[in-house]
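Think of it as A, B, C and D in the order they're written, each chain with its own count starting at 1.
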């Protein structure tokens, strides 16, 4: 059933197929190397870790689909987390905390969107500038402090279980499905694809380009805000630079997932696969306790190889 | 006179299609060899083989009698083959001189360095010979389409080639530049250059051609002598079936209510106080030289360029703001440049077709795949778009079919006003007639059509009324019997 | 070819002024502003100071300009710079011979550059992803070479490369000037430069012109790697040590400097002088704010503002 | 004319008041260099420095790399500060070796400088104030060993590879556990001082190692992250962190952590600043002030009720004799 990408579109399908192949390949490899890998527990654990990355990456996917990029996603998470955390501690009201986190994220997204649409700045630079500004503000107000100790009820969304499955995984599934539906089954999604593929055409075909771009950046902001909440709940504490370490991995996840930096091509499922690949690699390296010095190297190689493999296999299938 | 270059049984296959099948073809110094054929007939493939971009799968090439092989563009250069491509091969942020001599820069005193002054001098000389006077230091991205085409031509000439291949060189040119080009071609002929000239404009074919060859579906159909043949015969050779002559219009249009009214419209893109109105059920032409502001008018009406003053009325209500308002009002624009403005090339045919209609088709904002698929397939069959399936990306189709997609895009919105900007530029006769019969169909169903075209014959044959533009404003309106090429030209030319 | 050419030659002075990018204005404003607020700012020693501090960033921003002109990007350059530095320090600690060390550093830079290039050019993978990969790889290699320690027994001579003077001019400045003019020469006076612009602008036509595009495209990344190697000499000299995390993340500074300098990600539209200005502006800002003793958190924010405002000014100009 | 004279009078009054000023504010400008914005340790250090400066009537300016732990940036800031010529400098080098050229520069400009926390390799300082990372880590490690009665499986979660503090701490941990043969070091993996990464590394390690008795984390943020991981998998292990930060104290009180090696950041800040000011005022300062490696445990919690922002420095004499 084609909720995910356009499964009738053979290109997108094959692209996904080959990426899945990479995932399976890694899994098989790991399960040979360590019996600890292929256990329900560990797989759930991998999924839960991937879900945090995916939350950030899902919004980013939309942005990259429009041939843009959002470097401020990590800084956004940091700021939203700190703000939401402070509110949570101050008011003790979970709902209020939620609202703050999401609104903060959305506002930052909006700011990015305005920079990119109204002022026509290249998104790479606009969001890069935003990154520094957000960090500055966060550092200023946090002054090196950390906030911690949130209510059990709030921490459900990060560390809780439903029917023996961690809550973040449900969130990941929710975002995956709703995201895919949004892209495939609403005219917004279709317009976003078109506008990524060729903004001029999109505009002349009656796509309200500015509005759609704003929407995309706001959504990206919102997912960042939500991610920040899950971080808070999972870690039960926050500091200014939380999430910064995940910016590049999130972007990598989207790109490994087959979304093109030039826009117009890509799917949510692809991004999920990308996130899985990265998480699996880290998980594997910890399980096999590979020397810390080499971990960046392995990740780097995997990034290149996974893209390359996909490319080779696809060339084969074309010719 | 023996041929300078001969192609024997050239074949070229791409996955799926037989682009060229056993094509033989000879080029004789000092003659203009017209190459005709519908888009996708294999003309461009043949050219690409000549200039070394592709290699033939089978067949031989003979250069002045002895067999040769062209593996790369540089080989082609060795044999003095130069090509003027249809889609521009210029580098936007290099200046004219650098573009003309790209890959053949004059070395300075240190190896690897460039002798700028010499390059500009040479470029100057070339441009003068074409009697166009742009500064050779201007970056080409600041030039207009026609100017860029002239640079293209200069670039080809600069290689002082023995064999010159031109693909639709006049497609983007105004009449003045066209005449300049033709003079140049005559000069070259005199110098004994062999010229292969690809065109869809019958007038050119007959005025310039010494010999005519026709390709169809990758096969060599035959040659003809311009003195002894007629347009209809050629068209028949190209299309392979008898088409009633392209523009023939077998109905009388009966203008109805005013659909589009434009009152002293001015825009930052350079047009000033434009007045025009288009009624339902009529075809109104917008003629004028290239650069007289026709496209700009279309864009301003559609809201693609900002309107500084004046107003546009669509069925009585004002059109304001971005294009998407226009679309909601039932206005539609088939832009001049289909690849960069009409299509999202990497998306599928289906997605392109439904793009403009999304809002109309799915007012709930929720897409029913089955519906969009059905709409797309209907249009694909109705417009006879040649594609294996709606799921193929648009970029694999030929120009004519792509143009049909762009039109289909607007048929899926039940829009009532169509602005066609050069709908037949670089399109083969077959698709041309199809597109026109389509336009006629629309009009008979009560749509209003504003047609922009550089081909006077088109304007004259098709339109019920014609507005002629000059220097950014409308210089006159013609209707009824007054519509003839002479009048249109008179109004279009600056006063003599 | 470059905007600068037509500007001077065609449009004449007023337009040239009109075309002054936001970054140049920011630079002037910055200098003026800090000059008034801080007595030390305009002192010769401080200005050289800024020059010295900017030198390393400049050395990697110059090639970054070319890379971006080919519609590519080099995310690995920061990590590569670090790696080369470590290699150099390590070689010094082993051989105590400066020439060998410098040679090795530059070679390893060149090598990684070539690897980047080949993957991008011959396998047609997106530059961003590829260099993101090599970023990780270089980072790891740096750690492996040093095993997470900094290497300090590099001897005294190295420091000269940073602190030394030739004819009263600090060596890093000389490095910068030479590097700038070499790059300028390559970009505006040689085939290479034209082809770089063409690769970004219209690769197809370059192929049809019978130029081996791949070679020049590869050369750009090689150049980028090589310059990272050169910069690593200064880096090592500056710290008189090799450190496995020294320049991590510098690629972003470089990219920002380039883009703020008016080079765009599309169509091979680049401006080298702009890059120089971009680098200097960042340097002036950091230095000035430090002199004024502005809290670090504010500095962080103001760097962001700088980037945005500079581009804003440009986009305003576009509109007008 | 008139008000001019009055102004002169006021000015003279000011002078007369100023004359016995030796005792009160001479208002030295002190530049304080720390490593990054986010680590509570340095925040505490900065607070200590400020409070000390206030007590002694001096003023501080803080220089922190905009990119955490960036060597080139700290070097640049040093250059800038040297141009500015403050009376004294308190320096926590981002890297004890790589910063030495900066130190050289300071010395050349002969500005009084005190080295804090990480002992710089080169250059001459008025004195060194700190508690050695190694010792702290060692003490903390020993605390864990004691709590485990010398046997069990232990994991080390490292900070950023290549950052000095981390290297020393890990060394300290390792030596501490090597002392007792029955303690088995299962793995030592980096988590870059990042809370989240530590948590995920822990989650992953728990998959391979069914029985983990103790965890040594190179800072408190990671320690608390690990605590969360264990709680999430509802498994138990004794966790030891480093820094004695506020959250660690709370965690220990709540029984989530066993202990945290306290490097006394606040005191370090205080005495580093005090000694630089004293040095400037030509008052005697000892060659070095090393704070004994304290370990925060349930027993010693009482001393940590007051958060740094509320504390104020003890008198110089109370510590230095």
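Going forward, a residue touches a chain if its C-beta (ideal position, glycine included) is under 8 Å from a C-beta of that chain, and two chains touch if they have at least 3 such contacts.
Everything numeric here is computed off the predicted structure, so don't read it as measured data.
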Steps in the shortest chain-to-chain touch route ending at subunit D and beginning at subunit B: 2
Interface with the most contact pairs, given as the two chains involved: A-C
Chain whose average C-alpha position is farthest from subunit B's own: D
Separation of subunit A from subunit B, taking each centre as the mean of its C-alpha atoms, in whole Å: 44
Gap in Å, rounded to a whole number, between the CA centres of subunit D and subunit C: 34
Two or more partner chains touched - positions in subunit D: 37, 66, 161
Multi-partner residues of subunit C (at least 2 other chains): 143, 148, 295-297, 299-300, 303
Contact pairs between chains, per stated definition: A-B, A-C, A-D, B-C, C-D
Subunit B residues touching subunit C - in the complex, by the definition given at the top: 51-53, 72-74, 76-77, 83, 85, 89-95, 98, 102-105, 108, 112-114, 135, 137-139, 141
Partner subunit C, residues of subunit A touching it in the complex: 71, 115, 119-122, 124-126, 128-137, 139-140, 248, 251-252, 255-256, 260-261, 292-301, 303-304, 307-308, 311
Interface residues, subunit C side, partner subunit B - complex: 1, 3, 5-6, 9-10, 189-192, 194, 197-198, 200-202, 204-211, 267-270
Touching residues (chain side subunit A, partner subunit D) in the complex: 34, 36-37, 39, 41-42, 45, 48-49, 52, 132, 139, 142-146, 148-149, 159, 231, 234-237, 239-243, 245-246, 282-283, 286-287, 289, 292-293, 295
List of subunit C residues in touch with subunit A within their complex: 119, 123-126, 128-130, 132-137, 139-141, 143-144, 147-148, 252, 255-256, 259-260, 264-265, 295-308, 311-312, 315, 318
